[in-house]
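Got some structures for you, see below.
Look for chain A in each of the two complexes below; its partner is chain B in the first and chain C in the second.
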Partner chain A sequence: MGLAWLEKLDRRWLFLIVGLLVLGPLVRPIGVPLGSSKPVRQFHDAIAALPSHSIVLMSCDYDPGGKPEMVPPTRTAFRQLMEKHCRVVITCLWTGGSGLVDETIEQTANELRAKGMDIVYGRDYVDLGYKAGYEAVMVLMGKGIANAFPQDQRANRTSSLPLMHEVKDYSSFVLLVNISAGYPGTKEWVQQVNARFHLPMISACTAVSAPEYYPYLQSGQLRGLLGGMAGAAEYEKLRGEKGSATRGMDAQSLAHVFVALCIVMGNVVQWTKRRTAP
Partner chain B sequence: MDEAEDRALSLSQDFGVWVAALLTLCVFSFLYKDNPLYKLAEHLFVGVSAGYYIVLNFWTVVVPNLFDPLYRAFTGHDPVTHAAVPQPGGPFAASLGDYRGWFLFPGLLGVLLFTRLSRRVDWMSRWSLAVIIGVYAGLKTTGFAQGDLVAQAQASLQPLWGPDLWTSLNAILFTVGLVTSLLFFFYSREHKGTLGVLARTGIVFLMVSFGAGYGYTVMSRLSLLIGRFQFLLEDWLGIK
Partner chain C sequence: MKRELPLLMTAVIGLLMLLSFFVPHHVVSVPADFLQQCAVIVVAFGYVLGGANALRVNLEGIAKRQPDWPYKLVLVVTLVFTVAVGLKEGRHWQDDHSTSMFLYNRVYSPMQGTMFALLAFYIASAAFRAFRVRTVEAGLLAAAALIVMLGRVPVGDQMTMWLPEPLRLGAVQDWIMNVPQNAAKRAVLMGAALGVMATGLRVILGIERSYLGGGD
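Right after this comes the complex of A and B.
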């Protein structure tokens, strides 16, 4: 009989096994060890090296579909920036993302306030919300941030916010932190802003787009890169936090081992079949 | 007692969380087989998303970027507070960031897109499309040339002998991978002899990159599943 039965295996068994492998470690964590790769350390160090009170542009380009991969690095990066006493201008170029981004930032700001940090909206951070236009917005921001965003996410006039008095265009920022789930995202920021305006940038992206962005890291166009949930978990570990990305990594690791096993078994079955074929 | 044993159910009291959790389970039911519950969730998602995005775009794009500036330009008052907003020079005295009445032109181009709804006048929508395509083609071309073509070609020219053995090996491997992968896409000569060997070497590098891409894609999709399970366990069932 051999392994031939695997060919006829109902795929719903595979779904069930993946489901259990994901569910199990979430209920009872097993603590798979986590390291910290060079791109993640570079991401962390790029923020750690910023002088206090510098102004950072943080573009959160995602919508609820990318929440598990995008919200953890948003929280951790915002916390690190606030603890460095940097001031942050937040934008969003995805239609459905502005509400989620605002909620995430506000929750994180409230957590920091509860720990005794003095953080004030408008002075320490500003959420400019969503602007339609993709690359056109990026180029337009080079002519003036308030020009592209006349009002913020909360319908305040941009010119009325104290932080925005110090922000003119890209030259006002020391770093661009891009949290990117696809288009428009890191690729477009590199092409339109990093290349034209020479604004240093780091990126946290979905795992599916990470291979596309590694060349930018190698060329120095990106100063650091977090790829997917694994990157976000490593970043949380570097910061000494235990967020949702870290909690998800046991499940991620077990499911990956199972997928790899399926690929090996599939190849063994095909190889055996070819050998025994008349 | 360890951390896992401390966990207890604490069902959410939030109606929205219950709706989201039940719809998630409806979608998961498709993994067993197609069924009416899955269809219900799917149709709800399409309908609600369409409505949500239309309303969102109207209030976050059309109103603040078109209606409000036009109202200010032609009435001299703020559309929300109704306070007087001086418009020196009149509604067409524009400057950078203050385009005033000139917003009528992009507004008109936007309206022309809707002529596609009538076959008799749908040709007019091409003017708007021409502007959109022209602008984005220009932005994309210059962006790609600066951000990808020049910068990546520059970064590919690495010295093969670095400060240490590891850096040198890395640079040599990179260069071999780059050259052989490019040669694989050279179709002007049949892939035989030396070119054949180099092209086959290029395939190995390409396969490694496809494998890395596949691995990352699996990680991305599993992250979505983990996100949903975390929602069900933590937000719905209250297992923290």
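Right after this comes the complex of A and C.
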């Protein structure tokens, strides 16, 4: 009989195993030990090196589809920036993302307020919300941030917010933190803003798009890179946090092992079939 | 004139936008800024046009009772409902108990999450059934995929703890990402950039005219 039965295996068994492998560790975490790779340490260090009270641009370019990979680095980066007493201007270039970004930032700000930090909207951080136009918005922001975003996410006049009195264009920022799930995202910020306005930049991106940004990391255009949930989990570890990325790593680890096993088994079945064929 | 005027406009605007990179004088920068603002407005109108087109195509499908017309009906009803709710709530769409936020948090967000979560299941199935190693190149691809897939998660290093550090999956994965992957990616990026430049020049010079329609 050998492995012939595997060839006819109903794919619903595979679905069931994947489901169990993902659900199991989420219910009962295994606690796979995490390391910290160089791009993640660079990301962390880029924020750690910022002077207090400096102004940072944080562009959160994702929508709910990228929530598990994108929300954890948004939270952790925002926490680190607030603890460094930096001031943050947030933007979103994804149509469906501004609601999620605003909710994530506000929840994180509330957590920090509950811990006794004095964080005020408009003074310490501003959410400028969504603007249609992709790269055109990035270039337009170079001519004036208020020019591109006359109102914030909460419909306040941008010019009425105290933080925005100090923000003119890209020269007002010391760093761009881009949380990117695709287009428009890190690649476009590097090409349109980092290359043109020389604004230093770090990025947290989805695992699938990370390979695309490695050339920018190697050239120094990106000063740090968090790739997917693994990068976010390593960043949480560096910050001494146990967030949703850390919790998700067990499930992702097991799922990766299973997919690798599927590739190997699928090929073993085929080789066996070819050998035994008359 | 029907073709010459758009060609002339493209050439003039293309050259002006190129010039604005190098000439900061207001004679160039002011019209360039204006055109960039126009681009933002045009993109915003694109959404309106896209919505109207989706409505037209799907209403037609419903009227003709195409095989999947019930899905089209769901799309049209939800599209119209969401737009109506947004218009009604206006500036208050982000209030705590607004219908817009309910739709965003309880319908749009979970549905999009579900779509992406389903990928995990189909990837496992595809890995088992479709990822066949039949040539040396496919073998190299499969080996690299396995190493990167396992090396990117902490369990990969745990599995190869018994090996010297440079041979562990995490380290090998780092090498693959930093050396062969980066070299290939850089070549693709440079090729694409040269292609974009060539196409841009062809459009500005009026050699590339396919954007005008008409097939020439």
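Keep in mind that, in the parts below, the second predicted complex is superposed on the first by the 278 of 278 C-alpha atoms of A that agree within 3 Å, B and C clash if a C-alpha of one lies under 4 Å from a C-alpha of the other, contacts with A are read in each partner's own complex, and residues count from 1 in each chain.
In this section, a contact is a pair of C-beta atoms (placed from the backbone, for glycine too) under 8 Å apart; a residue touches a chain by one contact, two chains touch by 3 or more.
None of the values given here were measured: they were computed from a predicted structure.
In the superposition on chain A, contact is made by A:Ala230 with both chain B and chain C.
Within the superposed three-chain model, A:Met265 lies in touch with chain C and out of touch with chain B [touch as defined at top].
In the superposition on chain A, contact is made by A:Gly35 with chain C only, not with chain B.
By the touch criterion stated above, A:Gly96 is placed in contact with chain B and with chain C alike. When the two structures are aligned on the shared chain, A:Ala132 is found in touch with chain B and with chain C.
Once chain A of one complex is fitted onto chain A of the other, the partner contacts of A:Lys67 extend to both chain B and chain C. Legend: residue contacts after superposition of the two complexes on their common chain; A:Val190 is shown touching chain B, with no touch to chain C.
By the document's definition of touching, both partners, chain B and chain C, reach A:Ala255. Looking at the shared chain after the overlay, A:Pro150 reaches chain B, while chain C stays out of its contact range. The intersection of chain A residues touching chain B with those touching chain C, taken from the two complexes, comprises 15, 18-19, 22, 65, 67-68, 95-96, 132, 134, 136, 139, 143, 155, 196, 207, 211, 215, 218, 227-228, 230, 252, 255-256, 259.
Interface residues of chain A facing chain C in the complex, by the touch rule stated above, are 9, 11, 14-15, 17-19, 22, 32-35, 37, 63-68, 95-96, 99-100, 102-103, 131-134, 136-137, 139-140, 143, 148, 153-155, 196, 207, 211-212, 214-215, 218, 227-228, 230, 249, 252-260, 262-267, 270. Residues of chain B that touch chain A in their complex: 3-4, 7, 31-32, 52-53, 56-57, 60-61, 64-65, 69, 80, 96-97, 135-136, 139-140, 143-144, 146-148, 151-152, 154-155, 209, 212-213, 215-230, 233, 239. Of all residues in chain C, those touching chain A in their complex are 21, 33, 36-37, 39-40, 43-44, 46-47, 91, 94, 101, 104-105, 108-110, 112-113, 115-116, 120-121, 123-125, 127-133, 142, 145-146, 149-150, 152-158, 170, 174, 177-178, 181-182, 185-186, 189.
Residues 12, 15, 18-19, 22-23, 26-29, 65, 67-69, 95-96, 98, 129-130, 132, 134-136, 139, 143-144, 146-147, 150-151, 155, 187-188, 190-192, 194-196, 206-208, 210-211, 215, 218-221, 227-230, 244, 247-248, 251-252, 255-256, 259 of chain A are the ones touching chain B in the complex.
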